[in-house]
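Look for subunit A in each of the two complexes below; its partner is subunit B in the first and subunit C in the second.
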Partner chain A sequence: MQQHSSPWVRRLLIGLTAVFLILFLAVPLIFVLVQSFSRGLGVYLSAITDTFALQALALTLVTVLIAVAVNTIFGLFAAWNLTRYRYFGYKIVNTFIDLPLSVSPVIAGLIFLLTFGRASPIYPLLTAAGVRVVYAIPGIVLATIFVTFPYVSRELIPVLDARGTDEEEAAALMGASGPVIFRRITFPHIKWALLYGVVLCSARALGEFGAVAVLSGRLRGRTLTLPLYIESLYQEYSYAPAFAVSSILVVLAIVILVARAAVEHKGDKRGEL
Partner chain B sequence: MYVELKNVVKTYDSYRAADNIDLSIEEGRLVALLGPSGSGKTTILRMIAGLERQNSGDIIIGGRVVNDVPGSERGIGFVFQNYALFRYMTVFDNIAFGLEIQKQDKQVIRRRVEELLALTDLTGLEKRYPNQLSGGQRQRVAFARAIAPNPRLLLLDEPFAAIDAKVRKDLRAWLRSTISSLGVTSIFVTHDQEEAIEVADEIVVTNHGRIEQVGTPMEICIEPKTPFVAEFIGRGKRVSNIGAFRGFARWGHMAAIIQPEFVHVYLPGEDAGASGDALQPAIVQDVAFRGANWALRLACCGEELSAFRSLEAPPVHPGDPVRLSVSRAQGIAGEQTEPLYPEGT
Partner chain C sequence: MAVTKRRSPIESPDGTKKFLTATSVIPGFGLSTGVTLTMLSLVVLIPLASILWSSSELTVADFFATIARRRVLMSFWVSIETALIASLINMVMGLIMAWVLVRYEFPGKRLLDGMIELPFALPTVVAGMALTSLTANTGLIGGALEAVGIGAPAYTRAGIVIAMIFVGIPFVARSIQPVLEKLDRRAEEAAFILGASPWQIFRRVIFPEIRPAMLVGFGLAFARSLGEYGSVVFIAGNKPFQTEIAPLLIMSELQEYDYASATAIALVMLILAFLILFAMNLIQSQAAKRVGER
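The block that comes next holds the complex of A and B.
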């Protein structure tokens, strides 16, 4: 779209945006990379191949995988029932889904601490069943799921809303079952939005710090995710290793960014995002 | 009777979108549901299709009460207002969908789809997607898709609404002849009276969630049973005092609707033939060219009338004094109407 504004205004706006991006995004990122190599390649390599670092990476990836899988399924259900059924209180549900976006992650962590920790009435039951939630991996996964759960449904709801129900009704009248309708009618329409939601959800899950920090217990090699591990290195004044491990996160973030651009490009071409 | 609605009520919140609907439709008929916007046409159609559940009353299709039968088991084909074609499927797959769901043999499906493509004049377009088709082509795909599984009842919601005027005329004629050659009982919704009159065997006029009248196009036009129908059909004007018109004095101050077809206009000196004595003066208010004739708006005895004038007759202009006679009116008495003819001239 071409707008008719003076070239100077345009240059100024583009320039400001560029300066802003460089100052707040590019410079810090370059700084991370520079810092991580500041003590030489040897230190960098040993930092990122450290057992604890690898364990943190593994835990992070597993957590992201579970959170994204759960939230994809949940997001599909939520988006479907919020756009296809009108029931008493659906507006409340609709607002509730956004709760994790408005609640600070630290508070989210505390909520789980209270629900599953020592102070909770169900704590004895959990202990009896041999399940540890708080200060253990289940807690980390739960917190991540909580924090990232609006992302998929929020991408899907507008798409499903805009599309209306008549194609689905037409298919249902011809006798198609729910799963067939979903697979052949609904899914082709929402797949790009779904993928986009998954990408956003992964990015958010990968970087989650606050809620996880409360529930992790910080056992190195057991309950430290990458962001927590980086922070603990930093607290020990191991700056170069902290930045080196950060660069892993940066690389993962860039991978996700590229995936996102690809999805956007594909979806855009077909006018579906 | 193939389709029957008995005392059907449908409310949205407290609004009665269908208010005690009683309706019977004979097998093989092509019926139009005609009424103004919001009068409940779509609601009735969707209830018959099982897409909406009535609050009370019975719906009977083919002798079976279908209140609790899902739409897919009612033997219906449905053409949606905006066609609702499956946009990620080709024309072929759209038409084949219903048959695939029924798990019919691939070969059988192919043959049936090809037959329907030929019937709907879409041969050669089977690989296209819906957004690569014109409005008229989409409409025909929707029609083909609806009849592919051989429904016994075809429901069409404003099948021509999204199509421009010229194509619409052709499609109407095509749809009419195709449906009658298939012999499938069909109900279509429209708010265009001309369409209903041209296409349907029978017209059901709806208003405010009620049925005002059921009848053949001829009956609806000539013998409107309620004031609403009398006013809705045609381009008639309502007058509050029919007694003011020559020949109608005995009905006093009765209200009536006068259709333009029954108002005859003569310029001074123009030969009025036999009705010469019954003429009374009027003033032309407005003249509009309508292609086949002139449409006139006239002031007469403090009332407003509309009339047509042939293109062959000498032209009239706004402000011209003319003389007119009324050969028929539809008198309104409460919720009833009766035809009135002038006397004594």
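The block that comes next holds the complex of A and C.
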């Protein structure tokens, strides 16, 4: 279609968009990379191969892995449940799933502190069983699961809603069992959306800070995730090492964005996103 | 699981929905409902309920005494003020970005489009550190602003707004883009032929269609900014009464093991967040109704 708007409006709007995005997104990104090498390659390498940095990275990866696994299982069941059946209360369930998106990360941390911490009624039981949740790794994992809880289901629900239930019903009437229907009919349609959800979920889990900050005991090498470790470096004015470790996360963020674009492109071509 | 007499998979014949009873031939209702509700309860509902349970230990007088402290009230005000400014800027920029990315073709478009989601992918601490260093008076941008007499934004409310703009960038654009893409261009062409100016076409034909999406995006950005912690923690400077936002105050209460105060402040923030969520649901259901009427 022809453009109604005059060329200078067009130029102005494109210019505004470019300046805004470059100023707010590209400049900080490049700044992190520049700063991380500001003290030379030696400082950079020693910062990212520091034992504490590697331990933080390991804890972060384990946390991400568990959170993504749990939320993928949940996402698949919840998306199936909320799009294939209509029952009293399904809308409420749908709203509840999205709650973590509107809860401040700090509050997300606080609720697990209240549930499992010293003030909790189950605290004596946990102590008796020798389980430490708060200021330990289980708390970090739980908080991460909470903040990323809706990420997979939210990507699947629109796709399943748009597909409708005709094919699954036909299969069910012909006697296919639930797992067969899911594997042969549903899954092929949602695999790109699922991958997209997993990518988003990993990204958020990787970078989670507020919730984890409340529940981490901040023991270096024990309960510091990568973002917390970076914060502790920054607080000590070790700027170059802080940015060096950050550059790992920046590179991961770029990988995630590229993966996201690739997944979306693939899904788009097949009309499945 | 019960398979009752069915007409459509969505509604039972009399149009009612029965409690935990689905009207579908597709198997797996019991299992999927069980897993969904169990995990939802364990991860979200029970932990969230702990805040209600904990705050019920506070007397009403205690609760209000905590909330009415000047430092607490100021933190709410700073939070709301900065989140509101940031989300309004994001709303306007999000509208422009969505428009540019859907309607115009230009070199570098895909790159800009891909960049928008960076705030989702980049850990907030990293963003916060970079923005703080850039906008401090020793930084590239902060130094320049100081030199022209505006002053460095870091450690002021302007700094908080900048961090909140960063985290809220994707919401409005990503909310409007799909709506704008699906918009029927024939209405615009008709308006054009009838002699409407481009601005009139935008205001009278296009804008009413994208307004719900814009408001929902605004709500999401506002809710996110209100609760933001990681990117704000460095740039805010955390001066009580001036640059201390509510999540930072909750954190400092927790560091002093004052769980009661932290819970009371968190409860107010939660109520605020739920009100935003409720408003957005209202907007969405009204927009759906509008589409349904056609």
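Keep in mind that, in the parts below, the second predicted complex is superposed on the first by the 269 of 273 C-alpha atoms of A that agree within 3 Å, B and C clash if a C-alpha of one lies under 4 Å from a C-alpha of the other, contacts with A are read in each partner's own complex, and residues count from 1 in each chain.
Quick note on the criterion: contacts are C-beta pairs under 8 Å (C-beta built on N, C-alpha and C of every residue); 3 or more make two chains touch, one makes a residue touch a chain.
Quick caveat, the model's predicted, so the values are computed rather than measured.
**Q** Should A:L126 be classified as contacting the first partner (subunit B), the second (subunit C), both, or neither?
**A** neither
**Q** Tell me which partner A:A240 touches in the superposition: subunit B (first), subunit C (second), both or neither.
**A** So A:A240 meets neither subunit B nor subunit C here.
**Q** For A:A203, using the defined touch cut-off, is the partner it touches subunit B, subunit C, both, or neither? Pick first, second, both or neither.
**A** second
**Q** Which partner does A:L61 contact after superposing on A: first (subunit B), second (subunit C), both, neither?
**A** neither
**Q** Going by the contact rule set out at the top, does A:P227 touch subunit B (first), subunit C (second), both, or neither?
**A** second
**Q** Contacts for A:V43 in the overlay, against subunit B (first) and subunit C (second): which applies, first, second, both or neither?
**A** neither
**Q** Looking only at subunit A, is it subunit B or subunit C that touches more of its residues?
**A** Greater contact footprint in residues on subunit A: C.
**Q** Check the residue A:I185 against both partner chains and state whether it touches subunit B (first), subunit C (second), both, or neither.
**A** It touches subunit B, and subunit C stays clear.
**Q** Between subunit B and subunit C, whom does A:F88 touch in the aligned arrangement: first, second, both, or neither?
**A** After superposition on chain A, A:F88 lies in contact with subunit C alone.
**Q** Once chain A of both complexes is superposed, is A:L173 in touch with subunit B (first), subunit C (second), both, or neither?
**A** A:L173 contacts both subunit B and subunit C.
**Q** Using the superposition on chain A as set up above, list the residues of subunit A that contact both subunit B and subunit C.
**A** 169, 172-173.
**Q** Mind pulling up the subunit A residues that touch subunit B in the complex?
**A** Within the complex, subunit A touches subunit B at residues 166-167, 169-176, 180, 184-185, 188-189.
**Q** Where on subunit B is subunit A touching in the complex?
**A** 49-51, 71-73, 76, 78, 80, 82, 84-89, 97-98, 101-102, 145, 149
**Q** Mind pulling up the subunit C residues that touch subunit A in the complex?
**A** Residues 9-11, 17-29, 31-33, 35-37, 39-40, 43-48, 50-51, 53-54, 93, 96-97, 99-101, 103-104, 106, 108, 110, 112, 114-127, 129-131, 133-134, 140-141, 162, 165-166, 169, 185, 188-189, 192, 198, 201, 220, 223, 226-230, 233-234, 246-247, 250-251, 254, 259, 262-263, 266, 269-270, 273-274, 276-277, 281.
**Q** Which residues of subunit A touch subunit C once you look at their complex with the stated criterion?
**A** Interface residues on the subunit A side: 1, 3-6, 9-10, 13-14, 16-18, 20-21, 24-29, 31-32, 35, 70, 73-74, 77-78, 80-82, 84-90, 93, 95-107, 110-115, 117, 119-120, 142, 145-146, 149, 165, 168-169, 172-173, 177-178, 181-182, 200, 203-204, 206-210, 213-214, 226-228, 230-231, 234, 239, 242-243, 246, 249-250, 252-254, 256-258, 260-261.
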